[in-house]
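Dropping the structure in here first, questions after.
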Amino acid sequence: MPKDFLRKSWWVNFIIIFGLLLLLPMASPAFRVPLYGKYLSFAFVALGIVLSWGYCGILSLGQGIFFGIGAYALAMFLKLEASSPELPDFMVWSSVEQLPLAWLPFQSFSFTLICIFVMPVLVAFPFTYLIFKKRVSGVYFAILTLALSLTLTVMIIGSQGGTGGANGITDFSSLLGWDVASDEARTRLYYMMLGLLALCAALVQYLVSSRYGKVLIAIRDREDRVRFSGYDTAWIKAATLSVSCVLASIGGAMFVLFTGLITPQLVGAVASVEMIVYAAFGGRTSVLGAVFAAFAIGWLKSALSEEFPQGWLFFLGGLFLLVTAVLPQGISGLLDYFKKRPTVTGDSQ
Amino acid sequence: MSLSSRRRFIQKSSTLVAATALPGAALWPVLSQAADEVKLGLLHSMSGTIALAEAAIVDAEKMAIDEINAAGGVLGKKIVPVLEDGASDWPTFAEKAKKLLQQDKVPAVIGCYTSASRKAVLPVFKANKGLLYYPTYYEGQEEDPQVIYTSQEATQSVVAAMEWMAKQQGKTFFFVGSDYIYPRTCNKIAKATATRLGSSVVGEEYAPLGHTEFSSIINKIKAAKPDWIYSTVVGGSNVAFYKQLKAAGLDGSKQKLLSTVVSENEIDGIGKDNAVGYYACMGYFQSIKSPENEKFVAAIKAKYGKDRVVGDPMECGYNAVYLWKLAVEKAKSFDVAKVIAASSEVEFKAPEGLVRIHKTNHHVWKKVRIGRARADGQFDIVHESQLTEPNPFPKL
Amino acid sequence: MSSQSLLEVHDLLVSFGGFVAIDHVNLSIQSGEIRCIIGPNGAGKTTLLDAICGKTPATQGSIFFKGIRIDSESEFKRTRMGMGRKFQTPSVYDDLTVYQNIQISVPKGQSMLSAIFNSDDQFTQEIGDVAETTNLLTMLDVQAGTLSHGQKQWLEIAMLLVQHPQLLLLDEPVAGMSLKERDQTVDLIQRISAIQAIVVIEHDMDFVKKLSGNVTVLHQGAILCEGSIEQIQADPRVREVYLGD
Amino acid sequence: MSLEIFWMQLFSGVSYTAILLLMSLGLAIVFGLMGVINMAHGELMALGAYVTFMVANVFLKIFPHSVDTYILFAIPIAFLVTFLFGMFLEWSVVRWFYNRPLDTLLATWGLSLILQQTYRTVFGPQEVTIPMASWLDGAIEPFAGVQLPLNRIFIIALTLLVAAAVYLLFFKTRMGLQVRAITQNRAIAETVGINTRQVDMYTFALGSGLAGIAGSVFTMIGSTNPGTGQLYIVDTFIVVVFGGVASIMGTALSSFIIAQLQTTFEFMTTSSYAKVLLMLIVVVILYFRPNGLFSPKVRS
């Protein structure tokens, strides 16, 4: 076991955060719980970003794409369950006569699960491996991924018969016969998700504290040198990003469970960039920070938009500035500052 | 644990405790309600990209509420509007709908503008047996038991518009729309109508939402030389489309253009001189001559300033409040099921004239009108249809 | 073609746009040899090393390492074949400790699986050894960023040593070092040269003398002459372009 | 496709080239030469548009007779305002991020959100109307059936003017020399006595000013609302990256290629497909030329 992974203070915080998230449903009205689920679904994405950006220095503005893969995969399955034996309603309006080929496998739950966990890798790895082999990195990679997520939205909206277009996929409630729309069900789901989230957080923490984590830091800071230590950095980067994409995909699936819908908006360029701020606010190298930030920002968004609708964008924009200019290590950096412990610093790229 | 990590403990936990405690309290207030008051939910985007369309609707709805309260309220209760911001974000719409129904326990909600937002809230209304009044013209293809649709669905405007255009030597049509469900559905209906009328469709183009470069599409129009251009381009794209059409010499003199998405509010953005001469088909125009309308327009201007223009969605939002009031009074109860049942065939003398909720399909019988944009941003009404039955699921 | 010698550079040409940095160079290094490459600034010394280790692609010509053609292989493959490259400016991972810097350079640990699953106090022995060889034993837990310039140079050399390369390519290893550090570096290099071949770029002639290896003089991308330091210094052409001014 | 349509389609391509070039010139300087990823570039364009809107209104109120000439004043004023605002941004935000490109990206993104909301609060969420100068209204008809919109001709002319000015500034003046020096080696540039702080500030401001001009001009053909900037930003970056950073010629060339492809695809297929196709082509080409079309080979 890597000794950083066994660090006591980390586990203390781990228990505090997840403990509180566990108590949360009891402390608030039942109909809020699905909201907390929605907030935390972004924590998965943030975990991934901590791994790929915080440690490996890859800023991907295309995480929305993979969020979308997970979300749409699950939504397609649920929609089919909801509408079978008929076609999904939006297909009927778009006069699609029979189920598109791409939809057929999503009648099987196991395939859907595989899709959520494996598809991101199949999409991300080959593509990014080639890109990284060509030494496309840093800003170029960021802009490239941004453009791709933009393109994807255009495609989804354009092919309405197959994707529900701008309306996305909505109005489904039962998962394998279980009504997941009810608050009770969603409360139960919330606990399940919390378990999965805790697992993922621990996993990521393990990865970054292992020797592999050190290699990632090395790549982030001096990729050229790492090559001369005999590492195939392109491979490592692609693999790391793939893991991050799987986490995003899981987040997407969770999002669908708790909101009961997915629309292209959440896959697009803007959404993708917003996902970065979760990791940045928590501290780009802080695993627990990511979880905390995802919850805190989501909650603030609801709260602010109820109190002063105009305030939200100001707040979000300010947050971007804050965490890049003043708090490059986010809130966890702030806490460490109080502890007077030097943190892993260095440019994000 | 070490002192430092204890400090950490205190900080992190305290923040989170706050996060968990607050939702119940300050930031998510549970409004207490007096016995002689009834809440009415208003759910629209006050921020984000769609706010530009929805903010005006809220004004009209608030005004209706004030009028009703001034006249003694509903069943002796004053209406207290509870405004929630959908923030142009569909999941947020669902979230707020849930809050309105479960926390504020409103007997009805008037809200949504885009179809996406409506689709997002439908499951919430179904699950919580809520009642939604949807005040925007839309593509139809829907008949939700929990929803009353107070504006024209696609067939009502499109069929009337196509028939009228066909009468104006409309032998060939060119369809241009933004790439999403409303235009695609409208064009499907329009195409069917065209074939029925023996006219032909010489082109059908869709531009991605937010698209601002129309020169290629305009060239396609020029190549096709249609008698009529039927446009369902929306939002910022529409502004660009009109400007570029005009600049390219398609100023409505040779090829005429009709849109089913341009009301007085849109003209404001497009620019009066860019829109002049083009046609629009709407249920309501500010220039309608009727005592109800003059009263309505005067009231709006009195409340929100004399420069305020009134468009179709505003009027439909205004009607929605009254249609709810009338249904409640007919049912003598705020109970959602009763109100829905009572809604059938409720009539209201709206600014646009009589509207009647359909016996069964939750939409409204209404007239639609075709107007030609004037230099002052108002419309000369050139055609007025009969009171038309809503037909959300047309057989094409 | 194949060859007995460890490294065989054949008719190598490297050009950037129009500019020819390495002009038809032939070079062969035997195992156990120390080869110093000298030459005035812009002679293409660093570019030559870059081409050998793969940092810069060869425009033309061929490079054989242990008899295998490598000029189209990627850097990490060449490294795995037993090449080690030290850069002019010391490049170490500032955010990691000395220990970790050396540790992630250990070839055995470089499969991702082992990097993920093996405990991180693996290879302590070897790491200790090289740290000793490079006078860093006392600093294993220091953040590399905080080391002195000279120490960084040594750390980088240490990182190379754990790779057990057969060929070390050192680019001005004593740049910015105090005299004492220089001497230490010299016998460090001589010690390791017993087991592996070394190519050193250096300006400092005393240092080159101390190393007492063969010398290759580059001038404007081409080889001017080769031989022992005495021969080189005797050579009038060299004096012209380099020593005498 | 009839001959007239062919000519007009060609013209569309050219005018779209002008549009792309005009909006990416500023970024080509800021990103290309300074390496600053300015995600708020689109919002600077929007600022230019809003300035134009205000100038137009001032004319409507004060000199209603000479309202037709407002655009001639609006463009330089838009440039001036965004130039100054650019200086302010450089001083207040951007300069803290030199050599931290990814952080710049995020910071300026945050900035763009704040600016959008500011526009929304100040000018309201709805589209603002900007009158069209009558002498730019309508189209000329060089031969029957071919209408070339005047405002697009105006845009093309203006773009050529601006591009030429930028070219001269960077390749024929001392300032240009200094900027290029800094981009190649900041440290050396400082040692030879170039005031890099000042040059940075002016360069960034210039880039912003050009965005302002673009925004001002686009009010003739596009729409102006708080979100307008978002529509342009990604395309703009694609143009610059595709053309090869640090190469103004490259930007011009890629504007041309992208515009031609886009308009042709749009004519052949649909706008949505055109966008997707174009993006795929760009990605593929970037794969084979990671540094863009015009990438200077340098000795590492």
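Remarks
Per-chain numbering from 1; labels A, B, C and D assigned in written order.
We take it that a residue touches a chain if its C-beta (ideal position, glycine included) is under 8 Å from a C-beta of that chain, and two chains touch if they have at least 3 such contacts.
Quantities reported herein were computed from a predicted structural model and do not represent experimental measurements.
Looking at the partners of subunit C and subunit D together, the chains they share are A.
Of all chains, the one whose mean C-alpha position sits at the greatest distance from that of subunit B is C. Rounded to whole angstrom units, the spacing between the C-alpha centres of subunit B and subunit C is 72. Subunit B and subunit D have CA centres that are 35 Å apart.
Centre-to-centre spacing of subunit A and subunit C amounts to 43 Å, using the average Cα coordinate of each chain.
Subunit A and subunit B have Cα centroids lying 34 Å from one another. Those residues of subunit B in touch with two or more other chains are numbered 47, 179, 206, 208.
For subunit C, the set of residues that touch two or more other chains comprises 55.
Of all residues in subunit D, those that touch two or more other chains are 117, 120, 230, 270, 272, 275. The part of subunit A that touches subunit C in the complex is made up of residues 1-3, 207, 210-212, 214-215, 217-218, 221-222, 224-233, 236, 239, 342, 344-346. Of all the residues in subunit D, the ones that touch subunit B in their complex are 1-2, 4-5, 8-9, 11-12, 15-16, 19, 117, 120, 124-132, 137-139, 141, 147, 149-152, 218, 220-225, 227-228, 230-231, 262-263, 266-267, 270-272, 274-275. Residues 1-2, 4-5, 7-9, 11-13, 15-17, 19-24, 27-28, 46-47, 84-85, 87, 89-92, 94-95, 98-99, 102-103, 114-116, 119-120, 122-123, 126-127, 139, 141, 179-181, 184-185, 188, 206, 208-209 of subunit B are the ones that touch subunit A when the two sit in their complex. Interface residues of subunit C facing subunit A in the complex, by the touch rule stated above, are 53, 55, 74-76, 79-80, 84-85, 87, 91-96, 100, 103-105, 107, 109-110, 112, 114-122, 143, 159, 163. Those residues of subunit D lying in contact with subunit A across their complex are 37, 93, 96-97, 99-107, 109-114, 116-117, 120-121, 230, 234, 237-238, 241, 270, 272-273, 275-276, 279-280, 282-283, 286-287, 290.
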